[in-house]
Structures are given as C-alpha cells and as structure tokens.
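Below is one structure. I have some questions about it.
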Amino acid sequence: MTAFMQTDSARQISRGIAGALLVAAVWEICARGLNLPAYILPSVTSILAGMAGDLASLLEAARFTATESFAGYAIGCLVGMAAAILVTMIPSARSIVLPLATAINSVPVVAYSPLVLLWFGIGMASKIVMVAVAVSFTIFLSTIAGLDRVDRKSVDLIRSFGAGRLAVLWRLRLPTALPLIIAGMRVSTVRSVIVAIVTEMLGAYGGLGWVIYQAVLQIDFVKVWAAIIVASAISLAFFGAISFVERRYVFWSKA
Amino acid sequence: MSGSIAYAANLSVTPAGRIYAAVKPILWLAVGLLAVEVLVMAFEIRPYYLPRPSAIASGIMATPGAYLAGLWRTFLETALGFLAGSVFGVVMAVVFHRWLALKELFFPLFIVSQTIPVIAFGAVVVLWFGNTLFAKAVISFYISFLPVTVNTLLGFSSVDPRQVQLMRSFGARDGQILRRLYLPAALPQLFVALKLASSLALVGAIVGEWFGDTTGLGVLLLQAMYNENVVGIWATIVVSACLGMGLYSLVSFAERKIVFWGGEQ
Amino acid sequence: MLNRRNILAAFAAAVLGFQGFTMTALPAAAQDVVNASLRLKWLTQAQFAGFYVALEKGYYKEEGINLTINPGGPNLLTENLVATGADTFGLSGGTDSVFAARDKGMPIVCIGVAHQVTPFVFVSHKDGPVQTVADFKGKKITTWFTGANHVLSAMLSKVGIDPKDADIQPQQVSVTPFVDKQVDVVTATRYNELYVINQRVGKDNLNLFVPEDSGVSFPRDTLIVSEQTAAEKPELVEKFLRASVKGWKDAFANEKEAIDIIMKIAPTLDRAQQEFMLSEVKTLMTAGKASTDGLFTIDKDAVGSANGLLAQYGVISKPVDLDAAFNPSFIDKIPAGERRL
C-alpha cells in the first residue's frame, strides 16, 4: 500500500482526482438528466451550494465529530497496544485474554452503543468511549498478530547476544510488528469517524451524525449529503495523515 | 492467526490434556460469570447499569424463539454480505494489481466510499431495495469488501519480484503466475482481512436491520434500547457475541485448513 | 480450491440475493390480490395494534390486499418511503411531518388521522420549580426534535416566552435524567414514556402540561399514501382503510387478544406497558371529532391550526394547501356508523 504512495505521486494524485471527478460527473448527469427529486438523490451542484450556505453549522458539527474521533482513536491505540504488549510479555495471560478479547470484539461495536449512551449520557464522553472501544480491539489484535510474526530464529539470535525479554520486545518484536500495527491504525482512522457518527445518530448534542439525523427528519436531503461529504473529508484527512506517518517512519515495510 | 497455532502447539498430545485445554476457557468463563453475579449482588448495582448474569440468562430463556429467529436472520444477511464482499474484494485486488491505471483511478474512491457513514448509506439502500434480506446483505457487503482488497494487495506486494522473473523464464503466463504465486502468497494477509471482514459484515447486517426490519438481532437491540430494557440489551449483546465468535471460528478454521504454513512462531 | 469455493459461494449469494430482490418486485399473481405494504412510524408496539389485528385476522385479505407491515424506527422517515414508492401506505409522524413533506414537494397525501389530539404532554415534578407553563422559562427542558419541539415552542409563545429563554435540549431514550431530577421538564407520550414515569416517580408526584390546554393542537399518527396511489388506485386506499378500521375496532373491543398478537410479534416487550399503551391510544383515537364521526376522521380545523404555527416557526416556508395535503374522500366513503366504536 505504501508502494502505491511512493512512486510518482503527482501522477497518482492527478489520477485519483480524475477518478473522483469522473464519478461526480456521472452523479450530476444522473441527478439532473433523470430529474431526480432531492429526496432520492440531489445533484452535486446543489449539494455544494447547500454546503456553502450551511458552512458555519457544518464546521461546528465537524469539530464535534472530529474531536470525538481523534480523542477516542488516541485512547484506543494506546490501550490496544499496551494490552497487546502485556499479553506478549505474560504468555500465561494469553489463553484467557485472547479469547476474551475476541469474544468482546465479536459483538458489533454498535451493539454497545445503547449501553454506552445509557451509562455516559449523550454528551461527547459516550462517543469517545465508543470510538476507543472500537479502535482498541482492532489495534490489539493487529499488534498481537504483528508481535507474533517474529521469526523464531531471529529471537534466538538476539537472545544469544544476551538480550533480555524487554530488549527482545523493543529491538525485535516491535519493529517487526510495526507494519501490521500501522496497517491496523490506518484502517481504524475511518472506523473511528464512522463509529462516532453512528453513535451520534442515536443521541447527541451536536456533531455530523446528529446533523444527518435531524436533516433526515426535516426532509433536508441536501444537508444530509453535505454532512456526509464533510464526514468523508474528515475521514480522508485522518487516513492521509496516518498514511503519511507510515510512509515517513515505517520505511522498511515492503508494501 | 499464528497465535492460535502457538496455542495449539501448547496443547498436550494426550486426550486428557486436550480435553482439559478445551474446557479451560469455559471454566474461566463460568468462574467469571459467577464472580460478576456475586459482585452485582454484593454492591447492589442497579440493573440499569449491569444486570446479573442470571437475569440476562432468564431474559433469553423467557423468549428464546425471538433470539433464535433473530440470530438466524442476521446470520443469513451477514453470510451473504460477507461472501459477496470477500469475492468482490479479491477480484478488485486482482484487477488493481493487473491494471495499475485502474487502481490509481479508483482505489482512492474505494477508500472514500468507506468513509461514508454506513447509516447514511443504509438509508439510501433501504430506499432503493426495500425492506429485504438482500438490502441488508448489500450493506454488509459494502462494509466488508475494502479490508479484503487492501490486504490482498498487501499480500501481492510481498511477493519477491525475482520469483516472478523465475516463473516467467519458465514460460508461465500471467494467469498462472497469479494463481500459483501471487494468490497463495497473499493468503495469510487475506485471512487477516477475512476475519476483520466477518465482524464488519455482522455490524453491517445489524445496522441494516435498524431500518425498519421485522426480525433480527439489530431489531431486538433497537427494541430493547427504546424500551429501556437493559436486560434485553445485554441479552442481545450476548447472542451477537456468540454469532460473532462463531463466524470468527469458522474463518479461523478455514484458515488453518488452507493456510497450513501459518505464521512463523 | 480457493477459487472454486469463492465461485460457488458467489453463485449461491447471487441466486439468493436475486431471489430476495425479485420477491419484492414481483407484481401480484393472477388472482385479484394486490400486494401492498404499510410502513409504521416506529418499532412494533401496541400503538399500532389495530393494523396487526387486522392482518392477523385476515381483514386485509378479505379486501383483496396482501399486506406487509414494516416497522419504522429512529432512522426512517415514513413520508420518504411512501413518496419513493418503497412502501404503499405509511403511518407517519403527524400533521407536522405531513406539512413539512408537502412543503418540500413530496407527493404524499394524508388519508386519515389516528390521534385526534396531541399525544404528548410535558411533565414536571410536583415538588419542583415548574408548576405552570410560565415557569418553563430558564429551566432545563428535554424534548424530541421530531415534532414535539414545535409543540413546545408554540406553548411557550402562547405565554409569551421566547423558546430561546428556556434551556431546551434533545431528549435521551431514557427518562432517568428526569427521574433523577437532573432535568426539570420532560416530554412524554401519553401511551409510552408516561407509563414509565408514572411507575418510577408516582402519578401523584407529577404535573402534566397538556398542549390543548394552551390552545395548541397537533394531531398525530397520520395515514399517508403517495399522490400516485391515491389517483390510480382509489379502491385500494378505500379497502385498506375499511380493513384497518375493522382491525382497530376489534382491537379496542378485545384488548387482551390484541396485546397477545403484539406480544407474539415482539416478544421482548413489557406486557403491562403494552396494555397501558393500548388503552391510552384508545382515548387518543376516539377524542375530538372521532367520537362522533369515527376513527381516522380528518378534522380540518384541528389540522389547520397547526398550519399557521409551523409557518411561523419556519418549519414550512409558507402555509400548506390543506385540501391538497389532506384528502378525506376515502375515509368518508366509510359511513360514520361503521367507524364509530
């Protein structure tokens, strides 16, 4: 995936934009040509116009959602990685924690949202908790998979040089695991925004999910799509940021 | 993945040892549940926060038909969406691998498509396809295909170019190289994605059911939530967890059979 | 092996998926039975008992309608689904949502009104700071922004309070914040939240503020069809209404049986609450003009009073053409005697 970003980025970026413009053009033609009413599919231009008009409230909502996503993401990454490292350091805990984590992760994160909303109310706290839960499990499982990837022979080699458990972790396992961890982190960026929005739709004081919910009820579908586009933009920016970090700092990953 | 192989390696060879190892997690689960039951009673925690496990169990037992019917329906939607998503994901990875131009044009859009909140997408899907199982499967499909594409591409890129040269020097055609070199090389990564995709497909099915469905775990969850039936919420969570674990085990089982060379440890 | 498995799976998925898709798209078979669907405004509960009774007892089948009842939910807008043809009939939010839909150009028309008076009330603690509507000023009030907020704004303006002078917030699913006195005034439907609040706080410890007392009325639970259906299939609409009226009369006459039917479909509901819900719904559906003219009567005056109010709050750009939005011709075809309880 990094190879995708490395070679000839100018051409790739222009191609990527070309693809997006192509889809936008098809959308516009369909919406206008078939004369679709706004509640089925508004035209791209009307959505953009709507966005321009509602910019202030959309940005405010975006701020809400972005804060919830980033905060939850950060907490989730830390918790997930810490838990994975702990489990690797204490092998006996593995047979209990791993099935438990898998079990909790098997429940669709959205199933927890009613509970979290009842426990933490409809403020930002509940959304941050939901995002943290969703992200931490993905990161936990990615980190464990990454830490397990280490070649037995390399472990033996470094041990023969007198490296203790901690050194093995720091100098061998973590660097080897980093590509998988970062891959997990990359995927989680988009998830965190979506989980925040889904939770907001069940109850919130503000945020893009709340805006979408209200807009549907007010039959303002231009606003719905405008909010969706803003949400996508945030996700993309977030995704791009982590990909950038990956490209700069995890330079040895082959892909 | 390799963790399960390490776990298996730790299993004793004797039948008694194997039984003990299989039973151990269940024992721990039973102990854990008992502990929670005692704690909730001791601290008099309001059922609003955490009902006793026995209350949850009796909640399920009171109307088992509803949970079973919901389980089955959600399973069908998930399975359909997951299978369709996996196939599509692998196919797209192959396409993108083969034709770089297509990849550069459309892969960013794939990523963008994932950023559209599934709830918004679901509203549109239900409008177009109605209240059918197919509509929910579409939502599952939509959430699950991207990780499969991403990981398959990742797997493809791990292939040593020299091996590709070697095969070409033996006169292998593109299709053969794909089947015999790239796809097997991508399998470990693919299965990581399939495990993730299975749980995502389940999420898609459940969220899809929130759009006015008649049966399903998502419906039960919504009903419990809007009736403030905390026991009901927990009961649905437990049943969903069982379904999720079941799916994960199925994929892991397939992985162990297919990717017999596993991880390194 | 990987390829074969995937291909088989894909094929199976395609077949099942296609079958599921075509099952909804197929028109009615050679008999005279017409396929139709009714989209409710919320999850299955006693509030919709009459429709389920009619379905269970075959009243729709007698009229030649093969009806499917689709529950609604928090993410659905009935008007939208009826306007796009995804559902034939809809039981939508209320006169306010019908107005809003018509204002946005959605081609739907109301053919009957279920709840003749506003079904929600505002509740405060008897030993709290809010004893009259005038006391709402500056207090913490939770409400739903799906229509109830307009009722609240209207009530406040009738006593000269600007809605901005009260702390109005979106209401959670749970009434616990009100029970715990973190919220001063809570919105409750007579048939749903009020039951829970009565249970937890006690009926005698509460003040109820009824919108009609403040001169505000929002009839709710409106039956809608698309303009196209109304124009092309008037007999279908009439038959649907006839069967529905029969179902509702049956439900009110045999409440226990009606609840049995509801519990069968949604077994995880609380039976006691559902019984309470049905009796409250009965009061709502037989109030006002319905006591003389029967169920689903469209009272143009009651309906029109909300019109100006909604225009005032900018919910709709201008008052809606009532005659275009509300079409009583179908329900009037069923004589009042048949519709009265």
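Order as written gives the chain letters A, B and C; numbering starts at 1 within each chain.
Here is the rule we go by: a residue touches a chain if its C-beta (ideal position, glycine included) is under 8 Å from a C-beta of that chain, and two chains touch if they have at least 3 such contacts.
What you see is a predicted model, and the numbers here were worked out from it, not measured in a lab.
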Chain pair whose interface holds the most contacting C-beta pairs: A-B
Averaging each chain's C-alpha atoms to get its centre, pick out the one most distant from subunit A. C
So, what's the distance in Å between the C-alpha centres of subunit C and subunit B? 36
Cα centroid separation, subunit A vs subunit B, in Å, comes to 17
Where subunit C touches two or more other chains at once, by residue number: 74-75, 80, 84, 173-174, 176
Where subunit A touches two or more other chains at once, the residues are 40, 114, 118, 201-202, 216
Where in subunit B do residues touch two or more of the other chains? 48, 119, 123, 127, 224-225, 228
List of subunit C residues in touch with subunit B within their complex: 1-3, 6-7, 9-10, 12-14, 16-18, 20-21, 23-24, 37, 39-40, 42-44, 68, 70-76, 80-81, 84, 86, 173-176, 196, 265-270, 273
In the complex, go through subunit A and note every residue touching subunit B. 1, 3-4, 11-12, 15-16, 18-20, 22-23, 40, 94-96, 98-99, 102-112, 114-115, 118-119, 138, 144-145, 148-152, 183, 187, 190, 193-194, 197-198, 201-202, 208-209, 212, 216, 224, 227-228, 231-232, 234-236, 239, 254-255
In the complex, subunit A residues that touch subunit C: 37-40, 114, 117-118, 121-122, 201-205, 210, 213-214, 216-220
For the complex, give me every residue of subunit B touching subunit C. 48, 62-63, 65-66, 80, 83-84, 86-87, 90, 119, 122-123, 126-127, 129-134, 137, 179, 183, 187, 210-214, 219-220, 222-229, 232, 258
Subunit A partner, complex, touching residues on subunit C are 74-75, 77, 79-80, 83-84, 97, 100-101, 104-106, 145-146, 169-170, 172-174, 176-177, 315
